[in-house]
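Every chain is named by a letter (A, B, C, D and E) in the order it is written, and numbering of its residues begins at 1.
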């Protein structure tokens, strides 16, 4: 408040102004090594200097364009060009100053009055951001001034947010609180919650101030309550074990404490006895007894007291927060569901290739994860050549398919073909392929994670409101998963290829006698499953890390997805992915501090689930299923 | 004649397809019975239910003396209770010798710990040799079962079945793939076995069934269509319509 | 007893004698003795794997979890007992004699300080006692394996499904132990296990003792396995491997047999682990990640399934080779334009060997002896 | 148009199953291969259909040497098989089962009406899974499927095995009809003597992997054939 | 070195490097140096770089005439990110290869695996990575940061400069984050931050699904306090975390993140455009503008034949450790471990960021603490640099550790209780 008054005063009297250069010179040390804790006077001095260039200097400083020349002159950098504070070009070398984020925030805050009325909308936006980040009482008149000049809905919302916090008139604050109705935005809650901040106090009489509630001793616990009294200076500290021990040590004489042999003090009971003996002998002062503790607790009151003195304001804030609590809860649930859906679609995408190679062809391909990894590296390699992210994605997706399709075909021809009758050995051989591919990836791309960057249109979030949002990449993965579900259904059910794949899977010899080439079909189907893994790899690489171990993260879960869902059914895989995704997020929600536990319990649940449905959620039944 | 096996009104369906429909069936302690019927009539499912492989949706299966329900028993318990089954395709353990196959089937305690402690006595060996002789494999005791011919595997399986000493034998198409001489041998064997135990034979070959000279049960769509002597059932109008056809 | 068993035991005895003499003469280093001792333990685990997979046809991708659990169980005692000695000695310098609480507090602080607590979790309830903890080496993996097997076999999960289930179960166990809250020091695991509490002998001596113990365990395990597979029991489990349903119709309680084999092999693996980790010195949850169990299966496959000596050969060859290749002493191969560094390429080679053995020699190295 | 088999030999592992078989099958005829089990009938059929490699001899179709082609290549040359045990695709619907036969056919892939006329049950069961059909229905499906391939040579392996008599009669009618159409050669491997005798034009009776008796049915006569089979 | 990079960028450079020859070849029996860094497995991502660094330093030292006039020879082994293998390989290095010193280990587990072997055989190891402290072994010199040289100053920075009042401590679930977070929670408590204002989350290694955690952290801001994230997330998992952070539109102004395990190496795995302004605390940044650093980077690029290879903090720590060891060997005139250790105390080596690193008797270094803001090009703007801080083996912010001290020069004890004046143990507990 004080500062604003000063500012207004100085702005009104430009004659007394000191120029910006002089201010900077005065505070040279703070300017060159700025700290948020010490820089406030400098900024204030600059802002109030009255120098018309002050705003420019502050803005340049915040942008890290304020620089110092070798001779100590402050200049403003604009690309390579230098100019002095008044805007005249200068020649020479200068080192830019690097104020940290905290300092920049303060500068931005100080710039608010200049920017709020700036014709440039970007500058006004910056001012709004600065206020939203560091709301301060002195912003209120500036906003109201700006609002008086021109109506601006976003500014008026900001004004109400500031009013409910900083307006001197409680009635105005209550009105501002109530004006928001059922709004559940984060900024509103961020403004309301501090009003309800409490401190816990212990008093001998009734507590003072805006009391939130009194707390019974039973809730605090006897120890906790007494500690509170002690820290409030209302009761003497109790004897701690350490202190008792120190007293014993201090009173050792001739290998004895109060007549008891030191060697026998190897239990706590013996030490307590020894201390009592010392008390009895008057060597140490008696410690507070249980009765004294009880008496002290009886006479004291414990309460939570609001920092905000005005009860009307706290009541209104509490009412408002309670009112939006259910909505917030619902939104959080929706957000969680969206997260779960997103995780499910990631698992589905990773597993859909397996749904073909494992679900339909019954080939256990432990190198499936490495195909995902190959897809991701393909995406990376494409980005090295095609710098445009959108274009590179357009190239990478089909290329990843081709690369992994080829790898799949090669694997089928060279290895799996010879093992169709030995499924468990396929597991071992493809595991060998898996470790080969991982090491090859390390040898080729190195062990460091490689960047795979989403284009801008995919790098943001789909924001439904403050609480419910999901990143665009996840939306894209969800869409991709749906797309592949459709593609899978189309290929398997509507195309000749699908028919032949299914025929070969059920009876390769007979299929051959029908003129279908099982070798070709197996190769194509395996290639297709692998190719989809490659595309999944690009998608996964966009939101996670691209390393040679990328595939390992998904392999166990992918197999579980297919098995839990029911082998041979794409809807089973879908159901499996959904089950795993929702389960994991649900458990994470129950225990937000330990993501690892969520994974553990999720897997345990799946294992138990399989006991009850050994053939998965959607199981083939009847004679046709065979045995 | 008190029944050894009594099947009471069992039904089972898969995916809406009624494989067995309120089927009742009984067989005495020493009886030979042929079960015939078109494919899909439920013959195999019937065997699956009796041996515990498939659980019926309703009905009950009572076996033995004192009679008890087989429905709450596992396949292994049913087998131990005295129900032996021969499959259509010979299923012997191809990796092991003929002797080991028979030894495994020999009546002896079946739980893991007993098996672990099991040491073959001379009596056991003698019994194995005897069984092998009975099924014509006396010279092949030390051969690996996988090297046997198709027919020899069939015989080995029958030998294993005998080793189990079952009270009820379920035999699925025993004559499939046998020469005439072999068929005759089989007929004799089955008839002889039926003197001391119940034998149910599922068969298509009418000639073979005729030679067995026993009661015949005709299954159709999961239920008994007709029962009686072969002449009786082949004269049955319904049987001719759905199964035998008009010459 | 079969001839191969006699030959194996004799070969093992000769091997132990040779190594003992060479170590005594200083011809081989302590670290190599440790490597050999650990390899023997891995061989024992491979024998267990062969029993459960090669003979009973249950491809468990989780037996290294039991191996590691065995290690954890013995590791708890090793760590507790050693720390107790340290704490008692440290506290003996104080003016007052230490109380049991202080000792316990000190132990807790020493062991769990790294994960930021000094409370001794309940799972360490028996860690003070060697006999009890030895019992747990057998009991914990045994009960866990029995429980898992009962659940899985009861619902007739077989083949690939069972493999994936064991893999998932192993992953769950590993992830659980990765948590600090598991009470087994999370990712840190248990370390310093090579220092046997109360033993002042040098590592040169203790390594040799553990080597002998490992050889003894391998011999006992091998004989046990040979006995199990030699008689009718072996006949039955091989029959289960080939046609489970048929064995049921013979009247054998198939689930009981599988449960027995699964649990027995889990216990053998656990004993192998309990001997392995005091030689390795440290155990942490990474040791039981599913990949370790897959490697175990691969050893058995390379050595030759269904032959006990095959499993031993596979485990010994692969683990000793990998030790040699990662030791940095394998010569690089310069190709002019590129130098093949075995450190970079040996995993590729290993993978290739897996593929080739599976494709070309399904009976493994052991099969070549036939 | 005809199939000619010369000096065909075949081994299963170490044991020789077929010892130099010579046979031929002509268009418009049913060539019946008879003999007891284990005599090599099915092996002969497999050798012709390419589902088991032969170890020697020559197979020509219309004078073209079929060499060592794989079954799918033979199918393209006009060889269709109805194998023992039907081998329909249990998880495909009846219609899909029939559609698998289009692999060697040019488009459009339309199931000919004739098939449904011969086997009306297939229309009724069009959307049922093959595995849910009864054995007899499956056999009809397998024959219909082979017909759609429009083969030059149709190989049938024991189509009556395990089938109820009324369907056997229907199958017999279809085989006769196909023969009478005169655009393909039919090789029928059969154990059911009466069924085979009724249909056969040309007969080969195998014994221990070699042709024991060969000739036209009418030349051989029922009694001689019966005697040859019964031994 | 990666084949891909090599082929695409540095093939020519690599060839010309091969032609370069050492000018003066030292003579005599080589002094062996063990390099114990994982070259395969999960940790290869970080440790391979350090192996290359040691090889570069050995190369440099040999060109400069070796040590004690003898050439240095590096013995490289691969413990393959397998913790028991670290102990095995360490034993092999010390007993079979007879190395005089080991440079190695990255994770705390691997260090704790090696410790008993080092102490048993009286080996000597230099450990170059920032770690959780609470340890002091007679046989290890810790050239990375202790918590008081990284974590504590970073938190101070957040509170003082960024006004953070509410903390989200996100970490990978292993010992370094756990211990660091315990220390920080205790420190923050001392600073008056309420327990409810500290949110803790642990994720598995390689975690990639960050959306919920990021949402949880953003939601912390609902009570109107400035939230800051202290990240001890390890390795690759950071990439997914930062991508999700960027996607959620969380700017450094709204929710600053300060990371202790994110360096130039990790940033090379992602596009930093959206992460500008987030922070990292280290004792070294590649962007440090000193002549020493420029020379070091040039040497590194020349050695690896890859002009894009970044440098990082553990590399500097390796360099300091290596240089100190050579100086100590020269001073002691022998490679004998006890003599070298005595000679190590007080050794000084210039930091690459300016100032001097001094070896303390507790086997830790004095190090300046640097705070860097992420730039769009994947480098850091150094916005704060303290005077050198002496490393503290036992933190002052946990009650059990506050009473402990390590001094190998005077007290000959790594765990000395200053209250009871007793040496709790000579050898480490692992």
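Keep in mind that, in the parts below, a contact is a pair of C-beta atoms (placed from the backbone, for glycine too) under 8 Å apart; a residue touches a chain by one contact, two chains touch by 3 or more.
Nothing here was measured: the structure is a model prediction, and the numbers come from that model.
The minimum number of touch steps separating chain A from chain E is 1. Using mean Cα coordinates as chain centres, the one most removed from chain D is E. When every chain is reduced to the mean of its C-alpha atoms, the one closest to the centre of the whole protein set is C. We define each chain's centre as the mean of its Cα atoms; on that basis chain C and chain D are separated by 57 Å.
Centroid to centroid, with C-alpha atoms defining each point, chain C and chain E lie 33 Å apart. Between the Cα centres of chain B and chain E there is a gap of 74 Å. Separating the CA-averaged centres of chain B and chain C is a span of 46 Å.
In chain C, the positions touching at least two other chains are 175, 178-179, 245, 344, 347. Taken residue by residue, chain A touches two or more other chains at 439, 442-443, 594, 596, 599, 622-624, whereas all remaining positions touch fewer.
Among the residues of chain B, those in touch with two or more other chains are 15, 17. Within the complex formed with chain C, the residues of chain E that make contact are 3, 39-40, 75-80, 82-89, 91-92, 95-96, 108-109, 112-113, 115-117, 120, 132, 134, 173-175, 178-179, 181-182, 202, 204, 398, 400-401, 420, 422-425, 429-430.
Those residues of chain A that touch chain E in the shared complex are 35-37, 98-105, 129, 133, 186, 189-194, 197, 332, 335-336, 339, 342-343, 346, 381, 384, 439, 442-451, 453-454, 459-461, 463, 467, 469-474, 540, 542-547, 549, 553, 585, 588-589, 592-596, 599.
Residues of chain C touching chain E in their complex: 29-32, 34-35, 38, 83, 86, 89-90, 93-94, 109-111, 113-116, 118, 175, 178-180, 186-189, 191-192, 194-195, 203, 277, 280-284, 286-287, 323, 326-328, 338, 343-344, 347. On the chain A side of its complex with chain D, the touching residues are 496, 499-500, 502-503, 506-507, 509-518, 620, 622-626. By the touch criterion given at the top, residues 245, 248-249, 252, 262-268, 271, 362, 364, 366, 415, 418-419, 422-425, 427-429, 431-440, 442-443, 552, 556, 559-560, 563, 567, 594, 596-597, 599-600, 603-604, 606-608, 610-612, 614, 627 of chain A touch chain C in their complex.
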